[in-house]
Amino acid sequence: MIAAVLSLTLLGALLGVVLGCADRFLRVEGNPLVDEIGALMPGSNCGQCGFPGCAGAAAAIVAGSAAPTCCPPGGKALAAAVAGRLGLAVDLSALADDGPQIAGVAEELCIGCCRCSKVCPTDAIVGAAKQIHNVLREACTGCANCVDLCPTEALLLQPVPPTLPHWVMPKPLGA
Amino acid sequence: MGILTTFKDWFGNDWGVHPDDRKRPAADAAVRVMPVPERLWLPLQQHLGAPARPVVLVGQRVKKGQLLAEAQGAVSAPVHAPTSGTVAAIAEITAPHPSGLTLPAIVVDADGADEWGERVGCADPFALAPDEIGRRVAAAGVVGLGGAAFPSSVKLAGAARAGVATLIVNGSECEPYLSCDDRLMRDAAAAIVDGIRIMRHASGAARVLVGIEDNKPEALAAMAAAAASCAEIRVCRVPARYPMGSEKQLIQALSGIEVPADSRPADVGVIVHNVGTALAVRAAIRDGQPLISRLLTVNGGCVVAPGNIEVRLGTLAADVLAFAGGLHGDGLGLARRLLGGPMMGMQIPHWRVPVVKGTSGILALAADEAAAGDADPCIRCASCVRACPVGLLPLEMSARIRNDALDAAAALGLADCIACGCCAYVCPSRIPLVQYFQHAKGELAARERARLRTDATRKLAAQRQERLAREASEKAAAAARRKAERAAQQSAAEKLVQGEPA
Amino acid sequence: MGELLLLLLSTALVNNVVLIKFLGLCPVMGVSKSMDGALGMGLATTFVITLAAGASWVLENWLLAPLGLGYLRILTFILVIAAVVQFTEMFIRKSSPGLYQSLGIYLPLITTNCAVLGVALLNVDQKFGLFRSLLYGFGSALGFTLVLLVFAGLRERVALARVPAAFAGAPIAFVTISLLALAFMGFSGLNVQEVSP
Amino acid sequence: MNPNAFAAAPVASPHAHGGGSVARTMRHVQLALLPATLHGFWLYGWPSFLLWLLTILACVGWEALALRLAGGRRVGAVLHDGSALLTGWLLAMTLPPWAPWWVAVVGGFIAIVVGKQVFGGLGQNVFNPAMVARVALLVSFPLPLTQWVAPLAQPAPGFVDALQRFLGGAPVPDAMTSATLLGHARTELSRGVDLMQVLAGAPPSSLSWLGERAGSFGEAGALLLLAGGGYLLAVGVIRWHAPFAVLAGLAVPAAIAHAVDPARYLDAGSHLLSGAAMLGAFFIATDYVTSPSTVPGRLLFGAGVGLLTWIIRSWGGYPEGMAFAVLLMNALTPTIDRCVRPRILGRDRRGRPLDLPPGSPRQ
């Protein structure tokens, strides 16, 4: 009885010491994955994912509480990159395939209230007070923050029209 | 060599396919010259690279050969007026592209006079400096006429810079149905050889290899006779096998050099030009004529009088077909409208598409000639693996693309695919493999663009944060200053108040 | 030498721990979605099984048997295995965060991988010397890794197949591994004893 | 024709096709099996014909049922490709010729439903369906699967007699049974009799190249199967690599072992002409779906099948190991395909771009 107790105690203590040492030498600070995923995100903190900013979304994705597809501005490209990094299988077809959208100003409706340009996370809307505003196509992420704020509904998301160099051959049907 | 080749074939090195070439009788018919149609549509982008920028105004009268749009950027090519007339408009026309999207084109109404503008020829091109030849070729808007339409001057200049040893002239024309290069070599062998010599001079290459497939004996004989007096030009017979005319395959067949995957042929001392390009270079240098017309093959089961036709650039395919005698039964049995060959050519939605510099053929295929039928599941027969001239695994790549695993397909070498179509041609299940690959390439390119955009967005967002922080700190600083001022004023006033009674 | 090789083959193939003894099925089903993950899991498990086989031999012959504490066998073995797994987990987390992420819950679960304890206990029953115990453990682990890898390869292919909705996912994986086990029955009765003395 | 119809669904090149089809491939294979099959009918009489017919009918029937249940649109078209027929035919070739009816039906179910349709049908399975069925039957019903009727057994049953026997499932009368060469060798060896004596006592026809011997339906016609394989090679349906590697993988170790210890190991010729060696080499190991897609992969695959067959035959618990060997190598096929890939033009085997040749301008 005493031998059993002693040997188990000794064994436990020994292993405990070994693991304790290992913990010192093999310690990992923080979660490098979260930072890595965070670096992939757009960083505009637009909030469309429902998390507080891109860092929050990255943490949620790593923790598994959010899908890699949760970032609309990042689109398929981001989802594929994140899923590849985490070794997850992801159904990209779940992302609505209506292509990227950007905001456009209906000039006859814009009253130049400047509400939209204040919330744009990428400063993509230009225009002075009482002047017609305009959206810089290259900078707009289609986050739709501005759409809800526009008092005259002059801002609408529009699909980006296909162009010859950007045209993509459709995937074969069936087969 | 013979035994060695057989041995290699036994070990699976027999890439490519042997499609029924169907080049005759069109190849044997004499070349017809099509008269200038009433209206020509000249797309601003007929070449690889940046589109040209128009330099004419609507309503302006132009002479034949006059510059309509100038090259912009390092890789680009100008566009010239194929005939004299008036610029009617700059409008959108259906592009020679499978998407059916439009692209901007300069519309020229012919005046019927077909009157040349100023031309600066050169009696002795070999006295010109190679740079000068390159400049003149660039100004003439010559691009590769084999199909890729890469600006020829860029290639020549790059070759001279890199110091290439070998100029390979591509007379393989491995696409079925097409015979325009064959016809050129039969009819204008001497002029082609002259053009080759000019290109050799411009590129600084020591030797020239002309590769012609052995299914074109007349062209081989004509070219060999024309080149007999030039020791540095060797006309070589290559086995007829698709895609022998593909750049890297032809280089390997003729010179034995394998071009590394991330390099261009010039990096290993080789450049490749098409025979038609040689002729265009000759016209540009000797006669000062820009590229305003080309020979193309009109063929296919639906065409009444197939053959090779000399056509002005900008002519609508519909007009070319009408000149070629139209279609049997007004196109009743028409299955495919194609520009280019059946293996790599593109389907177009209708015939109102202009002939551009890279258009080597107009095909109207009947139902029994065209690939059709529903695709069956892949049975992993690996015919595609055997046929692939690049050594890819088409069956594995397409299976991954079908399941949207594009990165996995890319890891299998998707980027090395040359879209030659051998895999889909031999597939017993009739799987549209090339379409899978083109889809995946396009989708991956779109993702790459999206990624760049995300990077840009991140920068913009960071700048905005910085700006907001700066504004906030400025505001705080201003508030602090005002507060300090107020405090100072107040204390001064207090002093004043305190001092008053004193 | 030949005999040792046969011992290795016999433990890896003929008496395969997964397909013949049906041990360690949980990680085989869980970590066989990709060959990369399977390789990582296989290596980690190989490490643990081999080490546990050696440690259990030491414990059995130097501690439990001399002191007559055979009844503590399972307890002590689990203790040792848990420690080894904990160490492996720390090591992988440090050296390969991606693998750590993709192995997920299955990494700490090596502790409860019945193949590990099973091999250690079976090993003791064989009354081998230390070297052979290690070899027995290593051979079993090799068999485990082999099956895990092969099965992962099959699943990668099946993942690309047009499996009917009713069979997609786990069901087809079970069908596949059952057919794999069927194939491994070909090794049954493989007469290695005859050659070994 | 509506011009916009094309714009809606663009079709990529190539616009021409070589004309091959799945159904044509299957027809060639069936043609190649025909001589050995007719030979089998002649050797084993009506019962073997009934077995062959029912196995094929069972496979086609199960396939149709599975396709219906899966809600496929093109049941008729898929059946037309002939793959289920071929699976049934191949399975029949590996069964004892006088096996009862339920063997055919159960075998068809295992082959088509378990081995193929649950994976999604043609081209989706990872194991050869016929071999899955063969192994599952052997493991589950060892007795009826190891009852071999003597060739040209007298009295030969008439059609009605054969039908009764087939449906009744009566065992083969002892007087008409015989052992296969491999089975005989195995039994005698396990009794401690050495092979020299065993084979000296065996009738000479057991090794006869003309093949009047006991065995599964397709076993005796080994040379006819070889001829069928030659036909498939000639028409280009299969390539030589896998069959060659199977035969070499079987013959080379057999020859070496026989040279070392003839009393313990059969010679290479017996190995090649017995069991399912020829059928396996030319018709099973060449199955597109379940074998690797590259030439080196196929060599590896074939050599593995041959070697494993020899190992199982020589040391294993079963007298014949071809089916097991095929399944084992089927399992390895995805791994082989992953590891053995063709070299991409302009890249080395690892996928890195080649170095520029010495003396090139960019160096």
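Going in written order, the chains are labelled A, B, C and D, and every chain counts its residues from 1.
One rule holds in what follows: contacts are C-beta pairs under 8 Å (C-beta built on N, C-alpha and C of every residue); 3 or more make two chains touch, one makes a residue touch a chain.
These numbers were taken from a predicted model, which means no experiment stands behind them.
Traced through touching neighbours, the fewest hops from chain A to chain C number 1. A count of C-beta contacts for the chain pairs A-B and B-C puts A-B on top.
In this assembly, C is the chain whose CA centroid lies farthest from the centroid of chain B. Centres computed as Cα averages put chain A at a distance of 37 Å from chain B. The mean-CA centres of chain B and chain C are about 56 angstrom from one another, to the nearest whole unit.
One finds 49 Å separating the Cα centroids of chain B and chain D. With centres taken as mean Cα positions, chain D sits 32 Å from chain C. Those residues of chain B in touch with two or more other chains are numbered 98-99, 374, 376-377, 402, 432, 435, 438.
Within chain A, contacts with two or more other chains are made by residues 169-170.
Residues of chain C in contact with at least two other chains: 162.
Chain D meets chain C in the complex at residues 70, 114-115, 117-121, 123-127, 132, 135-136, 139, 308, 311-312, 315-318, 321, 323-325, 327-328, 330-335, 338. Interface residues of chain C, counted against chain D in their complex, comprise 35, 149-151, 153-154, 156-158, 161-164, 167, 171-172, 175-176, 179-180, 182-192, 194-195.
On chain B, the positions that touch chain A within their shared complex are 45, 95, 97-99, 101, 103, 374-377, 401-402, 404, 406-407, 431-432, 435-436, 438-439, 442-443, 445-451, 453-454, 456-458, 460-464, 467. Residue ranges on chain B touching chain C, taken from their complex, read 377, 399-400, 402-403, 405.
By the touch criterion stated above, chain A contacts chain D in their complex at residues 169-170, 173.
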